[in-house]
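Two complexes, one shared chain (chain A), two partners (chain B, chain C).
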Partner chain A sequence: MDNQNTLLNEVAGRDYRFGFVTEIETDFIPKGLNEEVVRIISAKKEEPDFMLEFRLKAYRKWLTMKMPDWAQLKIPEIDYQEIIYYAAPRQQPKYESLDEVDPELLSTFAKLGIPLEEQKMLAGVAVDAVMDSVSVKTTFKENLAELGIIFCSFSEAVKHHPDLVQKYLGMVVPPNDNFFAALNCAVFSDGSFVYIPKGVRCPMELSTYFRINAKNTGQFERTLIIADNDSYVSYLEGCTAPMRDENQLHAAVVEIIALDRAEVKYSTVQNWYPGNKEGIGGIYNFVTKRGLCKGASSKICWNQVETGSAITWKYPSCILAGDNSVAEFNSVALTNNYQQADTGTKMIHLGKNTKSTIVSKGISAGHSSNSYRGLVRVAAKAENARNYSQCDSLLLGDHCGAHTFPYIEVGNQNSVVEHEATTSKIGEDQIFYCNQRGISTQDAIGMIVNGYAREVINKLPMEFAVEAQKLLQISLEGSVG
Partner chain B sequence: MLIIKDLHARVEGKEILRGINLTINAGEVHAIMGPNGSGKSTLANVLAGNTNFEVTRGEVSFNGKDLLAMTADVRAKEGLFLSFQYPVEIPGVSMINFLKTAVNESRKYHHLKELSAGDFLKVMREKKEMVQIDSQLTNRSVNEGFSGGEKKKNEIFQMAMLEPKLAILDETDSGLDIDALRIVANGVNLLKRAENATIVVTHYQRLLDYIVPDFVHVLYKGQIVKSAGKELVFELEEKGYDWIKKELGE
Partner chain C sequence: MAESTTFETAGQRIFSLFQKNSALLNEGAPDFLRNDRELAMSHFQRMGIPDRQVENYKYTDLTRLFAQENFNRSFRPASFDFDMQEVFTCDVPEFDTHLLFHVNGWYFEQNKTDQFPAGTIIKSMKRALKEDTALVEKYYGQIADASMDPMVALNSAFAQDGIFICIPDHAVIDKPIQIINLLHSEEDLYVTQRNMVVVGKNAHVKLMFCDHTLAVHSFIANYLTEVILQEDSIADIYGIQNQHNGTAYLNGLFVRQERNSQLITNTITLHGGITRNHLHVDLHGEHANASLYGLSLTDKDQHSDIFTSVIHAQPSCHSNQIFKNILDDSSTGSFTGRIHVMPGAKKTGAYQRNNSVLMTKAAKMNTKPQLVIDNDDVKCSHGATIGQVNEEALFYLQTRGINENEARLMLMFAFAHEVLTNIRVEQLRHSIDRLVNKRLRGEISRCHDCILECIR
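Right after this comes the complex of A and B.
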């Protein structure tokens, strides 16, 4: 017991690995939010009128909305007038080669373990690296372009593919959807845009690394993924953020649209700075992610491993509109120290013979609070819909909390909805068993937790799975006492 | 190899071991017998470093080193193995991954090169044959869904993989049918070396029909009250533990 406690204290004192700040000159606009700021953002980005209209409409709606208070979260008061809503790295325009990129920026990526050079060569991953708000470098674009695939920053998409943006932006997450989504619609600075044309199977994993960097800058990313008929894409999102004392707001919106027989797989490893051991600092992550299975037999799959953020409010959801469409949500959410997470999913069945699966694995340690909140709704006309939900909670230590809030609404007689939930504590007997075979307590916890989460981790693309396993291990080192 | 002096231990404030003295040399097989609640499993767990048990007095030297000063994982790496009475399940952790980690942690500790995946699998195949364990089992999660007999076989398989200096078999015979018992015992006997020692903790004599002990100790109320050669096994079987109690004047 003593040994475990000593180990706990030793490693719990470890600093956040990716806590460093890059000194890059940033182009700010003054803090605070009003209609003028929204207009400046739109003007700076040289947007067409429909974008400005979209933003203003959202802003006006936002003014009438309140922050949601139904989550199992304690959120400190946020002063939206103290936030800077636009920051872009100075060096513009875009670079032709990596040599032109600010060396300090490159070294930041190196510290994160994602040097662009290697990324370019390794594993066929095209990287759209978002540093603050403006895309710095996009690779593999040419190869993708040959197939007609569009993978670019959101700003570029607005410039070069305004018709696609206008047609699909806000289709899944409308500006009035919720408080944070409305805010995002009003002020979002940049993000990623993906379009896969009819019948094309994207030959590589598309990936974006996000990183909040400029001080006091709210980060409002916007991602829009459209998979046209009979297409396939796997998209990866991963993030780390530098250490900060003040809390930073992150309110992203991700929209996915899958047309007839299209399949989209969206995988996230999320590692925002969670605050220190006492719960000071850390990112507030209030994200709206939603997919629309618009076409018949379309499929959307959310896979996520969440270890970061001081506060997480996030429910990657699917609307199964097309007949025979399929949706999956596979999640591992880990909280330690004073982190709070209220996360889960919504599966809205509208089409006939639609099928959804939810696998949620919560892991709580330290003084953290970890809630699963899930809604399964089967509309009256969604005949023969099926849902299977499995929500497991694993507790480490005696000071953490786990909660499950399943909501089930079934509107017809021939649909089947199943829900299973378990809560368990990591067993001292399991740890001792590992110890007795020569495996240290620290390694044993990592092993047991990874075993518990394996079902979900196996769904991740290979290189992400390895990263996720390490992340779980690092995030939990010594958290059993 | 192992020298236990005046060992006292308690669990949840209750004293279970009350002055154990025992010396075990390389090449020897010792049986520890005794009625339920006499402290047999406690002794096995205390030696393995289970922190649920608190050592209140005494010392234990293992190959000249202070055993009680080591954490459980270090004791294992020093060559002490416990075959658990109730092996736990670890869902999602494959037997192969688990054992490979265990073997390589031990090799690192002894400054040996870690085994490659290929070499590891080769060793694993050999040892699997030795204990006649079903190939399927090693592809599953640690002990998950194993029958009682499979779990015990799996313990001996792990012992074969880790090649301990001192193996403590805690009630390895419980829950085994006669065929499984024979296989398990056979495995233990095949693993016997002149430089290794074994402690067999058991309530019954039947395992000792197959694993023949050099010494037999009777544990009663936290103390070793009688030690003798293997003939003691038969005497106990014939007369029962009451005979010991009577001898002690109870």
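Right after this comes the complex of A and C.
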């Protein structure tokens, strides 16, 4: 036991690798939130009227809403007037080639392990990097444009493709959906926009990197992905932030729309600053992610590895509206020290013969609290719907908590829904077996945790799988070899 | 907004009823109970009648039920001068039990209690409050916390009678104690009953609660039973609920288990309009063991809600829950189960399972199995399935020459049987097997053993 405690203490002692601050001139607006701020943001983005309308409607709705308190989270009171709602690197936005990008910025991304140039050449991943709410540079845009794929920052999309934005914005996450979504709708500054035209299979992984850099700012980005009939896209998202003593707010919205026979795969490696080992500082990650399988036989797949953030409140969901549509949710959530996570998914079956699968793996260590909260709803008309859910929790240390709150609602007779959940600590016999074969306890825990999460990590695209594995290792450093 | 106004009027109505009748309610009651009532009422006022916004009542909205104004209350027992034991015969053949009756929540004073071992106390709650005040006060309201649940609060505010059972240390009650709760009235009635069972150290007891309606009128029955299992004691608690469709049955069973005690509960809901069973087990001593089973069969537009919470407060405790639902016609069912393992409750094993079968397109099932675990040295799991009879099994039986209908019944019966095998009283097990079989064939459309041609 002592041995394990030392190991766990080492875990607690690890540092956050991405905690640097980049000195870049930033364009702020005064802190606080009121209708004027919403108008300023809209004006700064040179947005058309419908966007301003959308924002103001959301803002007015937000004023009437209360912060949700049903999650198994202890959220300190947030003063929404103390947050800066818009912060952008000053020289934005007119880069044509990488040479024009601020070298400081480039080195930031290099430190993060997203070498824009390198990836352009080698990895073949098109990256849209979003720093403090503003999209800095989208690589590979021209190559993608040849196929008719639109991959650009949200503000560009609003300028160049207002019809698409107007048609789909708010379709899956309407402004009145929930408190954080309404806030995001009112003040979101940028994000990514993807449109895959009919019959196109996107030849490379599209990727966004989010970073909160400036102090006291919140990040409110918005991602909108539209996959037209018979198209396919795989999308990656990564996040980091500097180390600061005060908490910063991140309230993003991701909307995915899959039309007939389209397939969208959305993978996240979330590594916002989790706070120090006493639980001071860190990002509040309150995110609304939802996909709509609008067309028949469409497919949406959410993969996530959650290791960061002081508090995570996130439920990537799917609405299976099209007949024969398929949805998947694969998640690994790791919490350590004083981190709290309340995460899961909603699968709403509306169409006939729809299928969904949920695999959720929670790992809690230190004094953290890790909850799975999920809903599977089969509407009366969703005949032959099928769901399988599996939620496992692994506990490391006796001060942490692992909770499971599934909701299952079935409204017809020919659907089959199964749910399974287990909670246990790492098996002593498994560790003993490894020890017996000459593997140290440290390595054994590493192997077991990795094996435990493998099912989900295997679903991630190659580049991310490597990163995810590394992240799990760093997050449990000391106990994982 | 319409909902909140109904809630206000219904809630206010209950409050003014409480105030008007407080003298009657407190007639001869000890001081602690007066305070308890006042406190419970204030908790109820704070919480109100639960609607779907209340997480614990998400799938059972009680506002509509309480909005009806036709329910009367009786604050004094109605007199029945016939011999219950002759009027009512339990239809479990050759079933030898200690029979005890309640009518409309009132303890039947002619109950015979002379066959029990010395030291056993069996009497009405009303008398126990007067005669054994210290013993009752020690546990009353301690296990069922009125501040946490509006129906517990409502029961605590209005309860006047029920049964009080105290089994002395080391006593073994040979025959099961069968407590029959009858509802019989000439008008729609609201009934409150409060029971307490104290099982002494190393004592063994088997309890059966049978619920029947004997009248065509509508009833709201709000029952609450507090059970204390002392060290090394063993208790089996069976509930057989068979009421007509006009009955809303809100039942609470709250158990505290001390060291090494063992509990088995088996809740069989055969019939009833709205049935809600709230089972709460507090594993309060090391090595305590609790098994909770339940089977609920619903049809027409019946609703059955099972709500369990098992608290693992001490190390090395074990709990197991299996609940099954079979839903026919446009009936609805709900299961909420929570296992809470507190920090420090090491070596915990806690399992929970809910399986449901939907027979028709219109039937609905909602299930919410939850694990809240604040400790690492545990083995916990929960599972939930909602589905139909296995088509392959059905086909197999048909290939053996069994017709589809019969095959389906066989499979359903087998599905239900898993729960029933845990009944440890043999005659009862056989009899319930038979009842379930009859029920699945749709042969109990009225309460069994009921002489009234009840249309519900």
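Here are some notes:
The definition used in the following text is that the second predicted complex is superposed on the first by the 450 of 481 C-alpha atoms of A that agree within 3 Å, B and C clash if a C-alpha of one lies under 4 Å from a C-alpha of the other, contacts with A are read in each partner's own complex, and residues count from 1 in each chain.
Here is the rule we go by: contacts are C-beta pairs under 8 Å (C-beta built on N, C-alpha and C of every residue); 3 or more make two chains touch, one makes a residue touch a chain.
Predicted model only: the values in this text are computed from it and were never measured.
When the two complexes are overlaid on their common chain A, residue A:451 makes contact with chain B while staying clear of chain C.
By the touch criterion defined above, A:422 lies against chain C but remains apart from chain B after alignment on the C-alpha atoms of chain A. When the two complexes are overlaid on their common chain A, residue A:430 makes contact with chain B while staying clear of chain C. Of the two partners chain B and chain C, more chain A residues are in touch with C. Shared-chain residue A:393: touches chain C; no touch with chain B. Once the two complexes are overlaid on the shared chain, A:404 sits against chain C while remaining clear of chain B. In the superposition on chain A, contact of A:440 is made with chain B only, not with chain C.
Comparing the two complexes, no residue of chain A contacts chain B in one case and chain C in the other.
Across the complex, chain B meets chain A through its residues 48-52, 71-73, 75-77, 81-82, 84, 87-88, 90-93, 97-99, 101-102, 105-106, 109, 141-142, 158, 162. In the complex of the two chains, the chain A residues touching chain B come out as 1-4, 427-430, 432-441, 443, 447-448, 450-455. For chain C in complex with chain A, the touching residues are 55, 343, 346, 356, 358-388. Taken in their complex, chain A has these residues touching chain C: 70, 72, 380, 393, 395-425.
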